[in-house]
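Pasting a structure here, questions to come.
Lettered A, B, C and D in written order, each chain numbered from 1.
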Amino acid sequence: MTARSVPATLPQQLRANAAQFGDAMALREKRFGIWLSITWTEYLTRVRNFALGLHRMGFQRGDRIAILGDNRPEWVIAEVAAQALGGASIGIYQDSVVSEVAYIIDLCQARFIVVEDQEQVDKLLDIWDDLETVESLIYFDPRGLRHYDADFLVAFPDVESDGAAMHAEQPAWFDEQVNLGKSDDTAIISTTSGTTSKPKLALISHGNLLSMADGLAAVDHFKPQHEFVSFLPLAWIGEQMMSMACGMRIGFALNFPEEPETVQHDLREIGPHIMFAPPRIWENMLSTVQVKIEDADRVKRTIFNWALTIGRRAADLKFANKSLTFWQRAGLAAARLLVFHNLLDQLGLRRIKWAYTAGAALGPDVFRFFHGLGVNLKQGYGQTETTGICVIHRDDDIKFQTVGTAMPGAEVTTDNRGEILVRGPMCFSGYFNNPEATTSALTEDGWVRTGDAGYFDEDGHLIVIDRAKDVMTLHDGTRFSPQFIENKLKFSQYVREAVVFGGDDFPYVTAIINIDFGNVGKWAENHKTAYTTYTDLSQKPNVYDLIRREVERTNADLPGAARIRKFLLLHKELDADDAELTRTRKVRRGYIASRYQELIDALYGDYDEARITSTITYQDGRTQTLDVAIRIEPMEPVPGGVAS
Amino acid sequence: MATQSGIYHQTYASDMQLRPTTMQRVRLVLVAALLVIIPFVVDSSTQRLVNTVVIAAIGAIGLNVLVGYTGQISLGQGAFLAIGAYSCGLLQAYLNVPWPIALLAAAFISALLGGLIGLPSLRLKGLYLAVATLAAQQIVDWVIINWDPIDGEINGRATDALRIPGNALFGNADLRLNNNDTLFYIVAAAILVVVAIATTNLFRTHIGRAFVAIRDQDIAAEVMGVNLHRYKVLAFMVSSFIVGIAGALLALQSTAISFERFSLSVSIEYLAMIIIGGLGTVSGSIYGATFIVVLPEVLRSIGRMLTGTDAASLSEFNRVLPFVQEGVFGVVIVATLIIEPEGIQRIWRNIKDYFRLWPFSY
Amino acid sequence: MDPNEVLKFLRLTYTGFSDGALLALIALGLVLVFKSTDVINFAHGEFMLLGGFVGYQLLTITASWGIDPTLGTILSVAALVAAMVIVGTLVERLILRPLIGEQIISVIMVTIGLSSIIDAIVGLAWGTIPQPLPYSIVPAALSGRWQIEMEGARRPLNLPQEAMLTILVVVILVVLLMVFFKRSKYGIAMRATADDQQAAMSMGISIRVVFGLTWSLTAVLAGIAGLLIGELTNAVGGDIPVVGLRAFPVIILGGLDSVAGAIVGGFTIAMLETYASGYIDPSLKNVVPYIALLIILMIKPYGLFGQKRIERV
Amino acid sequence: MTLSRFARPYEVNSPPRRRLVVDHISLSFGGVKALTDVSLQVEPGKIFAIIGPNGAGKTSMLNCICGLYRPQHGHIWYGDTDLVKTAPHRLAHLGIARSFQNIELFNHMTVLDNLMLGRHVHMKKNLLTALLYWGSGQAEEIRHREFVEHVIDLLQIQGIRKQQVGALAYGLQKRVELGRALAVNPGLLLLDEPMAGMNVEEKEDVARYVLDINEEWGITIILIEHDMGVVMDISDTVAVLDFGRCIAVGAPDQVRSDPAVIKAYLGEQE
């Protein structure tokens, strides 16, 4: 390979990076209390060894390796190693329950699975007999596995040392394999988020990934010395796109947090320059700030509120492309000095140059908040099938109600029914083993059907309404996005999740709301309300009053027909383990509607409470059955006079 | 304000540093600069006051090692100071030892005797130990008053005080400490810096941790393998080594020393320093020492401003001042314990936290 | 046997005995506080100082009214008791209560701080010069000097009869206290609290009331001791707290929580002091108690009568 | 020692595991008999549980083993050493560590420092290097920090390593105490009700850790616990104490069906 040629695959890019950056840090993992580092050279060596080891175990070109675990160096090493051999990796969300794992492995027919630890091994052993294709389980955290003597269990370092031995015998073999890689080869198989159906497996090529990275890097000029914290599941296309595609293409370091619960702290230690996260992360950050500010003393609160007003005003002017007056600039500078600098430091966002949100719509209030602080937060749009994002805000052209304009290389349009279509080098080639789905997702001339409804505004910005099938037609005939109402509700620190119903078959708008256990719990303690469990707290009358005020606030901004007429506080948190959310924590509306049919009936009938029997599954698999009375809270008279 | 994001450690050595943030380092440089500047900007009476503060700070750090860090209450600080002072004085007066050697020797003698005084701690706890150290105080006081070799003659009169010759170094009369406040400051301040750093270091290691463990939960410490006997005596020795240095400096600063400077009320004054400054912290010892030494002077100055210049007013001022000083001393102790039992150090930390956590409160 | 030696011995013993009674009285006050509140009161000597001067002031006032000394003494002592009750209550409420449950060193220091405050107040109010009492509070029957005949010759023993007063007062106070603790509701509450605070609280005893009462009682005892010292030395002055300091070896020797220990300790220490200064060297008076104390503590770490605290893990 | 997930610290510095023999010990406090003629044998590498009603003498038993109480009669042999004649602080040197029933942590120290104290017996550097914090003194601290980090990793307390122990929740404090004992790198670990006051999930976590410690680090464990389910699940041998006497010893199933045990427990039921 000549130095000038542009690498076509991730392994080729890794090799180029190792040559170019050498001893610079490629991966950092917080472990044993410090950030243990892997240089580009070491990264390449470990990928090579693991790849050769895999080869010795029988991994063939075109094979798939499934990876199941938290973000660790071994995760990405396994991925790139498989790719170096001409194979593809498929990430499985680490918190998936056994049935989901079985479904995906069965679908992708992986022969090798790389898992993190005993917890994941146990999941796989549960279903081992049903996994016909799998030959080996390779684990990289040995704790608790001492007495597991199945011969298909292999330790990660053993594979690496096998590979090292092979490299000593055939030093050129690995390079030859890498050279064989082509841009069109499948690099990863990504599970679609599956809000409406079981996940499908999208085939994403090296070309898809790298062109996506090139597109994004053309918009925002990432540099090798930038830091990135990889804390969202690597099974998610968004994390693949940032960590694997951009990270590899640009050569910036990936930092893996110590434990899921230390992410916030580790994020602060690193102080990343680039961050890509779905709306819930930004919403959580906002509610953390809100709660902490409420607990701060009056001086701090007053100064914070003043600064935020200044910041928001400046953000609004920026959105409107207007310039600030001298005094506004001075005020903003003061607000930055007095509040924002430190606030961002607390959040770990002090060095952020570019922050992105994608995957779902982010509420405008959250968006304004971060821009008020001076975080360059940009909305992007895309989906698994387009390798993450294909539409993005530009630095000087941000409008929070839109998702921006097409990335370099991408074409975006809408068809006559308003469905958004995308074409370009980042678009996938089809679903694995699912020709029907591929046919319906791809048009004959290569457009990806996104299934989302949208339109372009006068500046050419794309505005996404919602999943096409979710858009509701209200009783007065207007079309309305339930997500818009849900986001307004979720702006409240007390609301964790909301599911709004209202279109088509339903005569008026209602909401099923999940309270935020931590924040409402704290509020309850401050208001001398004793509670025991989530269920208990959710049904406290004064908690209902609290949420009622939040709903009133939401309703105030909504047109009459879109106002919430009744709501209820769900007795349990929506959970991905119960299939109520996707693994990326998107609400599965249809499933919820059918699962809580009694509640929906009660919301649309003449009741003040609904009784529900529900089965709760604990982490260890035990279940418990609860019989709960859930109060229905009326807000406004319902149209048609069905009074309650 | 604090900037902590972007500071991450890739080695334990860097993770275990004392001052990782820029702000902390800037503060450290400022303090160092202040120490260097002092002799250039203050007048001679202030310099003497500063010197007293420095000695008190060293003594308070020593006491804090024992009381604040190790939890062994001592009412015998005066005795430890006396041992240091008289060892140093006697070495100079009788053996003509140059002062640096006398100083060091005094520290070692103090450590040895301190270990001896600490022996009761092996059997006694809490108040019983406190009164046992009071015994040391009384016994040492008695020795000072009644043992002839440590009495001296001043201006031809026999007194209880020991005269300190103030030996010159290298035969150079300018290198005497008891007539050169600036030189004394340089020596004492340097010692303070070394003592402060060494003490801080000590509590980053297993020995210091063992001390703190004994304070927090002695039975658990013992079960974890800490030899209580050895470490309690060691704490007494380390403490009295440092206090001994302070005592020796007291001797080196003066031309004569007598028992009043090492009485029970001195012990109490030092306890007040570490309580007001903050138990179990080096910085607290320094704040407390400064506060307790400077407070009476401040009261005197304020009183002077409020008093007339006629003879009657002055005599009234002189009558009232000591009582006001003592009363304020008592009020400060009581107020500290009731309002902020962790002392000035805690108040300062709260202030720093207020801005470090800005705009949050936690 | 040399009669002079015998006389010396008798004289020393008498002094030691009366001195011991005084020390026992002071120690009693300290033990009382420690037993029910776990506080060792370093301001006890200053309570005595304050009591001495308040007593002096009351006697001076009654004298200026021209009242008969006996009635004046009774009135003054009654007023002194009332004043010390107020002082004790205030001190407990304002200074000790906020520190309940704090570490030992804090509690020690707060009483030390208190002692400075009282010193300052007394100094500002009465100055530093010792003030003679306007009249003796000892009934005429008790004043005068003991004379003893020996071996036919009149050899004056020449001991102040007033010293008997201390012993008398201590006996009376101990009897009163015993009755109080055995019979009165509050006395029983105080004993219960001293035994086990948690249990006492669960029995409905108000710890606050008990603590307030304890401090009042100890202040009264200290005040009476202060006035006694004034009578014995013919003047009240700034050195009264030094006498208070002498009670520390006493309570440690006897055991911090033992009333009997306070009394036995008081006499032991006083005897040791007088014999040591009489037979060996007067300068030893101040150190001998401490040397004895160290020896005793090495053998019995909780004093002669103190309760060993078993530590549970 | 390296910072790899696959390197286990015990492989570098594994204390010898010896047999513990409690040989006819009797303990009384001023006439009150806490233990009467108790004999037990704990084999290396096993989990040995002591159960019994409150006041049966379980904690007294542990206190005798670690030298806090001196039994009036009998011997406790750990290998060739008679623990009855050994000072408490020597126990850690012999490779015996324990946790306490009522948490006895160093409340004003951080989690890290509490665990580092567990390394105390392995730290040799003298006062001078401590004062200088230079060269070998610092190197020693770092070396032991690495060990402690393995313990933190095992017990999953990464999130709290720099917090003051006194401010932690009860369950976490219990875990830190376990960690502190583990930091001693013991051959024998005495756990006094490590799961008391915990909910079901926390108990399962701790049971998991106890098994991990036993299996992965090869440490012999003597466990006092009230939760019968857990005890029967994880122990190799169970001894039952009642009024200071050992009324049964054996495998869990055997003990469960022992009539004397059933009587003792039925008699206690409220």
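Here is the rule we go by: a contact is a pair of C-beta atoms (placed from the backbone, for glycine too) under 8 Å apart; a residue touches a chain by one contact, two chains touch by 3 or more.
Keep in mind that this is a model prediction, so the values were computed, not measured.
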Chain occupying the most central position, where position means C-alpha average: D
Furthest chain, CA centroid comparison against subunit A: C
Pair with more cross-chain C-beta pairs in contact, given B-C and A-B: B-C
CA centroid of subunit A to CA centroid of subunit C, Å: 76
Gap in Å, rounded to a whole number, between the CA centres of subunit C and subunit B: 34
Distance between the centres, which are taken as Cα means, of subunit D and subunit C, whole angstrom: 50
Separation of subunit A from subunit B, taking each centre as the mean of its C-alpha atoms, in whole Å: 58
Overlap residues in subunit D, where contacts from two or more other chains coincide: 68, 100, 104, 145-146
Overlap residues in subunit C, where contacts from two or more other chains coincide: 313
In subunit B, residues with contacts to at least two other chains: 12, 219-220
Of subunit B, residues touching subunit C in the complex: 67, 73, 120, 123-128, 130-132, 134-135, 138-139, 141-142, 145-146, 219-220, 264, 268, 271-272, 275, 279, 319-320, 322-324, 326-334, 337-338, 341
Residues of subunit B defined as touching subunit D within the complex: 12-13, 16, 198-199, 201-202, 204-210, 212-213, 215-217, 219-228, 234, 238, 280
Subunit D-touching residues of subunit A, taken from the complex the two chains share: 31-33, 36, 140-144, 146-147, 155, 157, 258-259, 261-262, 265, 618-620
Residue ranges of subunit B in contact with subunit A within the complex: 1-12, 15, 355, 357-362
Complex contacts: residues of subunit A adjacent to subunit B: 28, 33-37, 227, 268-271, 292-293, 295-297, 300-301, 303-304, 307, 339, 341-346, 348-351
